[in-house]
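Pasting the structures in now, so scroll down.
Each of the two complexes below includes subunit A, the first together with subunit B, the second together with subunit C.
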Partner chain A sequence: MSYYFAIIGTSDNPIFEYEFGTAKAGGDGVPRFPEQARHMNQFIVNASLDNVEDVQWGGGQMYLKKIDRYYNNYISAFITGSNTKFLLLHHPTTPSTTSTRASTSIPANPTSPQTEEAIKQFFVEVYENWLKTVMNPFYTQGMRIDSPVFRGRVAAAGRKYL
Partner chain B sequence: MASSQPIKSPMGSQSQNQRSSQQGLKYPSNGKTIYHRPLNRSRTQELSQASFAYLFGEMVSYAQKRVTGIQDLEKRLNNQGHPIGLKLLDLLLYREPARSQTRPLHIIALLQFITTTLWRHLFSRPADALEKSSNPDTPEEYMISDNEPLVNQYISVPKEMNQLNCAAYVAGIVEGCCDGAGFPAKVTAHSVGKGEEGELWPGKTVFLVKFQDEVVEREAFLGR
Partner chain C sequence: MASASKAARIGEEVWKSRVDKVNAELVTLTYGTIVAQLCKDYESDYVEVNKQLEKMGYNIGLRLIEDYLAKSNTMRRCTNFKETADMISKVGFKIFLNITPTITNWTSDSKQFSLIFDENPLADFVELPDDGRAQDELWYSNIFCGVLRGALEMAQMQVEAHFISDILRGNDSTEMRITLIRYIDDEMPMEDD
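Coming up: the complex of A and B.
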């Protein structure tokens, strides 16, 4: 039930990253990556950039859905008109606890259509806020986003949908 | 101007009292950041052309101060427009209706986006023509023509600089848009009016869009 979200610029440089846990089904919004795997998130997400480049010319949609999987990590992508990539790593908790409620909930079920839709809504909301950052005349392409307001907005979108 | 209301400057008086509470970040006095403002703009909101012409004239003379030649000046104007193209690409795609909110995948789709959506946003009318180079040796060249570029309306170019076309600024915007969408290109502005008496469009400008070879290569690959 943990998520790692990253925005990757046009020269494959990270612009923004944020880690959070689910707030659905009684989650407390705290990411619970296994300590020995947590540092791998950045690698996994960056490795999936190749897959983004494979599919980005196949269709004009911005939301590319699930594009990669690495063991129990699922990566969804969103690409903007100016080739900035939003990547979300979705790490469900161990699937052994399969109560009926958990099996349909978004955090526990990374491949269901509901999850796909929820991630899309999350991306669309982040996209809007990202665009507002970009429209700032003092922002040039590829700059890191440091704004705490933006971080707060991403966190709010994560709580709302995931 | 002196009699008008004090302008809300981002570094104004509120910065002192804010600095103590929030380190490094200054909020505007009304607490609204750019994230609180909507991205959609009503259609009727337009800027005064006089103020734009004034500002643009200043931009040209600013660029002119530090250049060695006309090409250099055009390059500077181009560079001023480039980031605008990058930003407008994303903004205008966002404002498209949800169904047609797609990234341009082909040269034609991109150029149509530029000549209609982008042109309409900037000049409230579409560009006058979009043509492909008829020369078989240069399949990567496209031409966008504008009979009367808005930016040139109040610019009079001296005789000794007749090579100059200040629409290089618009060329920069187009170039930014192409680069951003993943179609790296060089865009240049050329005056095609012959300066004859009684000409219909003496200020007609052609924007020559020259895509890089890899774009044409990808286009051929995707077309299959």
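Coming up: the complex of A and C.
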């Protein structure tokens, strides 16, 4: 599975993006998006913002689960109290339908409850670190996050859960 | 050392019973805003920002000493500079910030020591600006130096304080160096004739 993670600010401006691959089931953490589709990630993620807005007032939850699908790309969302969106695009390397029985492993099956839970934990951990980053007095609200510390922590959360 | 444990006890007691507390994030964010605004106002002239922070601290220290003496009820003079150091760390920092920096690295003449800040409530969440200079020039918590200088000056001690390392800069510890320059003698009023 390959992942593309983006944080979208309150005026739909991208604040942070990070690409990584699965570290579960012997994965090496390197993203493997097909070369001709990789540049589409940003479009796909931004297109899903409409779906986020559709459901964001519904349940009062921060974790909105899977909100969009574009061919073999699945998008999960998490929304913070200040309306900043965390979006995670996940792209299984091989379509899960080829498997004869439904696999429960996180890298192979993007729709299983286990995957949903793992993504939730990933979001929660990123959320905690994001909080610390925006509490930094030298950070201006809505600004791009350049902090290498934050990037490192997102990478660590990705390795840990996904 | 007897005086050290006594100081620790006083600090603990005053912190528990006689100090109004505020939310730690309020302090952190307020101080952070001040530093960030200073950096903006002085257009990232960090040397100047350090100077301003020190000056602010000095003005705080001049008044804070009264509050410190009132709360701690220790009107007795410290017998030597070592005892002063204990009181600074275990009573002063304890009652105002609930931290007790470690006292270490005394010089042999007992006039210079270091305070190591294992925790620093001012610096929570902080990452210095990534402009290639802040890491080398800005002493984020420099207000402490001024506070000590101001407070000790009112207690007849002229000291010089500065940071020599800061975790925010990537150092292993946050260390402040304090040097006693002289005891200020009581100045006699000029004779009339």
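We take it that the second predicted complex is superposed on the first by the 155 of 162 C-alpha atoms of A that agree within 3 Å, B and C clash if a C-alpha of one lies under 4 Å from a C-alpha of the other, contacts with A are read in each partner's own complex, and residues count from 1 in each chain.
Keep this in mind: a contact is a pair of C-beta atoms (placed from the backbone, for glycine too) under 8 Å apart; a residue touches a chain by one contact, two chains touch by 3 or more.
This one's a predicted model, so the numbers in the text were calculated from it and none came from an experiment.
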Clash-or-fit label for the pair subunit B, subunit C on subunit A: clash
Dominant contact partner of subunit A by residue count, subunit C or subunit B: B
Partner chain in contact with A:132 - subunit B first, subunit C second, else both or neither: both
Partner chain in contact with A:114 - subunit B first, subunit C second, else both or neither: neither
First (subunit B), second (subunit C), both or neither touched by A:149: both
Which superposed partner A:80 touches (first subunit B, second subunit C, both, neither): first
Which superposed partner A:13 touches (first subunit B, second subunit C, both, neither): neither
Subunit B and subunit C footprints on subunit A, overlapping residues: 132-133, 135-136, 147-149
Residue ranges of subunit B touching subunit A (in the complex, touch as defined): 25, 33-35, 37, 39, 83, 86-87, 89-91, 93-94, 101-105, 109, 180-182, 218, 222
List of subunit C residues in touch with subunit A within their complex: 25, 28-29, 31-33, 35-36, 39, 124-130
Subunit C partner contacts - residues on subunit A that touch it in the complex: 132-133, 135-139, 146-149
List of subunit A residues in touch with subunit B within their complex: 10, 56-57, 59-62, 79-83, 127-129, 131-136, 140-141, 147-150, 153
